[in-house]
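The structures considered in this document are given below.
What follows is a pair of complexes built around subunit A, which joins subunit B in one and subunit C in the other.
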Partner chain A sequence: MILEHFADTLLTTLLDPRLMLLVVVGVGIGIVLGALPGVSSTMALAILLPVSFGLEPGAAMLFLIAVFMASVYGGSISAILVNIPGTPGAIVTQFDGYPMAQSGRAGHALAYALIASSIGGLIGLTLLITLAPGVVAVAMSFRSPEFAMAAVFGLVLLSFASGGSTFRGILVGLIGLLCGMVGFDALTDVSRFDFGTAALQGGVELVPLTVGIFGLAEVLRNLAARDGALPPVPSIGSMIPPLGSIARLWKTILRGGVVGTFVGAIPAAGSAISVAIAYAQEKRLSRHPERFGKGEPAGIAGPEAANSAGVGGSLVPMMTLGIPGDPITAVLMGALLIHGLRPGPLLFANEPGFVATIYVAVFLAVLLTLVIGFGFMRIIAQVMRVPRALLFTAIALLCVVGSFAIRNSMVDVYVMLFFGVVGYLLYMIRIPPAPLAFGLILGPILEENLRRSLIISGGSWSIFIERPIALALLLLSLAAIVAPLVVPLLRRPSMRPPRDGAP
Partner chain B sequence: MHADDASDTIAPGAGSDLLAGGFLFAWAGVGWIGYLTNERLRASLESPSPDPGPALLALIVLWGLTLGGTAVTASGVWRRARGGRLRDGLEDARTHLRPAAFVVTLILLAVLLRPLGFLPAAGVFTACWLYGLTAGARLSLRHAALALLGGVLLPLGLQLVFAGLLLVPLPR
Partner chain C sequence: MTGSAPLHVLAAGALLAATAAAPQPAAAFPDEPITIVVGWPAGGAQDTVGRLVAEYLEAELPVSVVVTNVPGAAGANGVRDVEQAAPDGYTLGTKGVHAVAQSYMNPNATPLDAMDPLALVNIDPAAVSVHADTGIEDLESFIAYLRDNPGGLINGNDSPGGFSFLTAELMERALDIELTKVPYQGYAPTVSALVAQEVMSATLPVPMVADLHEAGDVNILAVAAEERHFRAPDVPTFTELGHDFVFADYVMIFGPVGLPEDVRDTLESALLAAMDSEDFRAAADGIGLILDPQGADGAAALMQATDAAVHPVLVEAGLVETDAQ
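Let's look at the complex of A and B:
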């Protein structure tokens, strides 16, 4: 049935010039922002989220997913041309992409990345369409205790993967939960943490928070960093590599795509892990591992396929369980919530047409990234010459405009500024800011299901250990908390890092 | 061992641990004030209703933040006792001057958006920062002209896209 919806939606979109224009603009902006060092995919999506306010949900998703997909590829452009990955997922692409560009084959490197990224994206989409119904079938058996524990598990896992200490990440997640409680309680109408101010009674909106911590805080980080002019952009040359060399990469791209999808589907695993696995795998399987790091096409194609395929994978937990797999899908989920759509198994049952729109968005974004990438690469490469001052000022203005636009309220602008500063402070004290957004998103899910579970059980907490899936999720959450503390203690002395001053 | 070597062998992160602990305590403190001064919220715990009430998760979170903040602070104190310096794990304070100035001007921008309107307020903000970030303290007519141009075109472009094309209102 979903394939029928997919075909219908695809046809409708293709025949609607306004929707097609949105996807084309989204892809163009996504590639450009992804290519700019200092602008991550999350930031790109966060600052463009307000653009979707005036659009209906389907059109908003088409635009945002186009930005998301294209920015994932865009990250590889700066990695190849100037040895600075535009996004974390492109970190491995520079190993072979930059040497290739330095040897006068920048165009070939960009083409390998583009082709692999496109095929990887399609593999990710295919596996998303195939895997999602299975996960939804399992998720349909979830009741309140399972959803409560899934929210806890998501929060712990995402804190674990946000970089830095898991423990501190969880504490920041608790701050997010606290922010999510501001305002009136939906069940009892009791106000919480609003200190009697009308401005806080409506609660903390997700958009100002995400725009603050992923948008403004990143600008502040960049302003704090030492001024470093980007290296000169090399000549791109021909963008058509020998067909034989492309054909030889099919296994590499396929492997990368599969690895990327499955690793991406694990909440919190992230693109940096999938590309590292794909690269290591290609190097291990290669007949010429010594060529890796010196401009080997497989060293670009494998990770790039994994990177793009990860988009499809990361949409699996978000769409089927309502748990964002990473900061980017957290922002995307925020967009869905703004438009009154709650991701989760019921989305598939109640809104199959909308689910198909998301698939169509990924499909069109992949194809148009390929077309625009090949057609306009020389122009896109020039974007890296945009003065950083102009870029950061523009992003800051977008943050202000975007947070105002959600409710036409200056309060949201101040909230955005506040969380921008909070995000920067967290960076200063080496704590990942992303769990703040996860806490805000997962908090209401956790609280609603926690309270409902306790009502069902008559106040007994044993309901969380009597149900096997809830118990498994609880144990996995505990393991994720305890493992980083215990594993170093269990290591053999010879494996431990030397103590201070020890020889 | 050379006297200076001590600085190379001390445990890192005392300063960032203490700041992180303080940060967490600040949030916990605000939360506890919000909880303790809210009679209805506290009373919800005693409610005979089967719903555990809106105070349950709030208390779990506040205790988590308090205990977590204590643990992180204790880690900082322990590192400090082992010889860690307060500056360990932190950057030079001067690094933060530019971001701080940027935030102050953004607050000013937010305050002036209503009285001045979007275009003038955003124009001044953009022109000032474009000049400041490109020319620095130097006097440069070329940079000033470019900054002015940016100050006109950037807000105008945003106005066109948001208010004109997407019908998303801007502050007036």
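Let's look at the complex of A and C:
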């Protein structure tokens, strides 16, 4: 059924010049923003989110997912050309991409990344389409107790996620939970933590918070950093690598894509982990591990496939359970909520056409990234030299205008400014700001469903143990807390994955 | 000739005065766009109706009519934006029963006497439904079951102050029964909780459950209106069954108090004319609205009647936080 919707939506989108223009523009902006060091995919999405408010929900998703997908690829461009990852997910791509570019084959490196990225993106999409119905089938039987426990599970995983110490992550997550309590209590409509002001009764909106911590705070960070000019961009040369060497990469790309999707689907695991696994795996399986780090195509293709496949993977928990697995899907979820669409099993039941639109958006974004990437690479490489002062001023402006646009309220602008400063301060004291957003999303889900469960059970906490799925989620949460304490005791030497440095 | 010079001056002066007076609001309202503030997110009932009215009001006036969503605080933020706007007729709003409840529950919300109703658009009568698996098929057995087991049915409704919560409270009084009320955020989650039998009954308006009723999954037991609902014509009204219970949500257009008399009249007649058009009626029918177009007096009367019905409920539930009334 979903495939019929997919075909229908694909056709109407292809035949609608306005929608296609949105995707093309989204992909173009996405590649450029992704390629700019200092602008992560999350930031690109956060600052462009408000642009989508005026669009109908389907068109907004087409645009935002185009930006998302393209920026994930764009990150590899600066990694290859100037040895600075444009986004955290491209962090491994430079290991082999930069040496290859230095040896005069920049075009080849970019092409390997682009092809692997596109195929990886399609693998992620395919797995998303196949996996989602299964997760939804389970999630359909979710009632209040299960949603409460799913939120607990999400909070536990996400507190490990964001780099730095788990303790600090949890601390910030708790502050996020508190922010989620500002405004009207979901169950009693009593206003809380509003300090007697009407302004705070509407609560802390997700979008101004994410625009603040992922947009404005990053601007402040970049402005405060010493303004090192980018190293010169090497000449790109031919973008057509030998066909044989592309063909030899098919297994690498397939493996990378599958790893990327599954790691991406685990809340909190994130792209930095999946690319590290993909790289390590290719190096281990290669007959020439010594070539890695010196310009080996498999060292580019594996991680890039994993990185782009992660987009499809990260949409699985967000769309099926309403639990964002990383900061990017948290921002995307903000966009859905603005349009009155709450992701979760009900979305699949009530809006199958809209779900298909998201699939179509990923599909078109992948294809157009491939086309635009090959067609305009030389121009994109030049855009990387845009003066940083100009760039960050424009982004700061977008942050302000965008926050106002959410519901035409200056309060949201003040909230955005506040969290921009908070985000920067957190960065200064080396605390990841992303759990703020997770706490803000999951807190109200947890509170509402927990309290409702207890009303239904007449106050008995056994409702969480008597229901099998709720119990399973509770046990998984416990395991996730206990595992990091127990595993080191087993003293199994293993590679520690690099942490996700910047959200 | 000398005598006529001052006359010329006078005439010119009079002409000037006349042209200067022309753009005064009295003569030329409206001459800039009118905003309708909706206190709920896009896509909800208030928003849908607000946009429909804006579209047809535009045809009656020489200016454009735009809808802005200012959601938050159970609709109170949007209502307050209208209250605090200049009373020049360029800022209007939509509101329903929520505004009455909020005026008592929220010290920051707009009091009822600071809203000036201009027109009523539609009504959305209350109803009560149960899941078919409860085996309850009519209102009498519903009442009998609850008399035997007070609080024995878990009812899905809004959080306190919301329309379906007030429906449950008023129905408990009218029928002398007791429900266990569980709040949900909005109608759609309440419907899914009813379908999944997390709750056994729900006090949702008819359009939300009409399809489920037709499919036999849910039984709508009674409608709290004067007449049966066109989406579920087989369902009796409470009145038919001998219970005095009539209660409806509504969408009305209102402005801040202090509108100039002529501006108010212009708006009221333009609203009535807009709602009188064939196309408007057809469009409203298409989205399942029960139209009840009325002018300022009718709207004010409905607001007073709702106030009279709701206030005692809020007092008894301990929800009144303001010293209004």
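Note that in this section the second predicted complex is superposed on the first by the 476 of 503 C-alpha atoms of A that agree within 3 Å, B and C clash if a C-alpha of one lies under 4 Å from a C-alpha of the other, contacts with A are read in each partner's own complex, and residues count from 1 in each chain.
Criterion: contacts are C-beta pairs under 8 Å (C-beta built on N, C-alpha and C of every residue); 3 or more make two chains touch, one makes a residue touch a chain.
Quick caveat: nothing in here was measured; it's all calculated off a predicted structure.
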item	value
Contacts of A:413 with subunit B and subunit C, given as first, second, both or neither	first
First (subunit B), second (subunit C), both or neither touched by A:388	first
Subunit B or subunit C, by number of subunit A residues touched	B
Which superposed partner A:455 touches (first subunit B, second subunit C, both, neither)	both
First, second, both or neither for A:191, with subunit B first and subunit C second	both
Touching partner for A:431 - first (subunit B), second (subunit C), both, neither	first
Subunit B versus subunit C as contact partner of A:483, first or second or both or neither	neither
Intersection of subunit A interface sets (partners subunit B, subunit C)	185, 187-188, 191, 194, 408, 455
Residues of subunit B that touch subunit A when the two form their complex	1, 9-11, 13, 16, 19-20, 23-24, 27, 30-31, 34-35, 37-38, 40-41, 44, 50-54, 56-58, 61-62, 64-65, 68-69, 71-72, 89-91, 95-96, 98-99, 102-103, 106-107, 109-110, 113-114, 118, 122, 125-126, 129-130, 132-134, 150, 154-155, 158, 161-162, 166-171
Interface residues, subunit C side, partner subunit A - complex	41-44, 68-74, 76-77, 80, 105-106, 108, 154, 159-162, 180, 182-185, 188-189, 192-193, 196, 198
Parts of subunit A lying in touch with subunit B, wherever the complex brings them together	50-51, 53-55, 167-168, 170-171, 174-175, 177-178, 181, 185, 187-188, 190-195, 216, 219-221, 223-224, 387-390, 392-394, 396-398, 400-401, 404-405, 408, 410, 413-414, 417, 420-421, 424-426, 428-431, 443, 446-447, 450-451, 454-455, 458-459, 500-501
Complex contact set, residues of subunit A against subunit C	141, 143-144, 183-189, 191, 194, 197-198, 201-203, 338-340, 346, 349-350, 407-409, 448, 452, 455-456
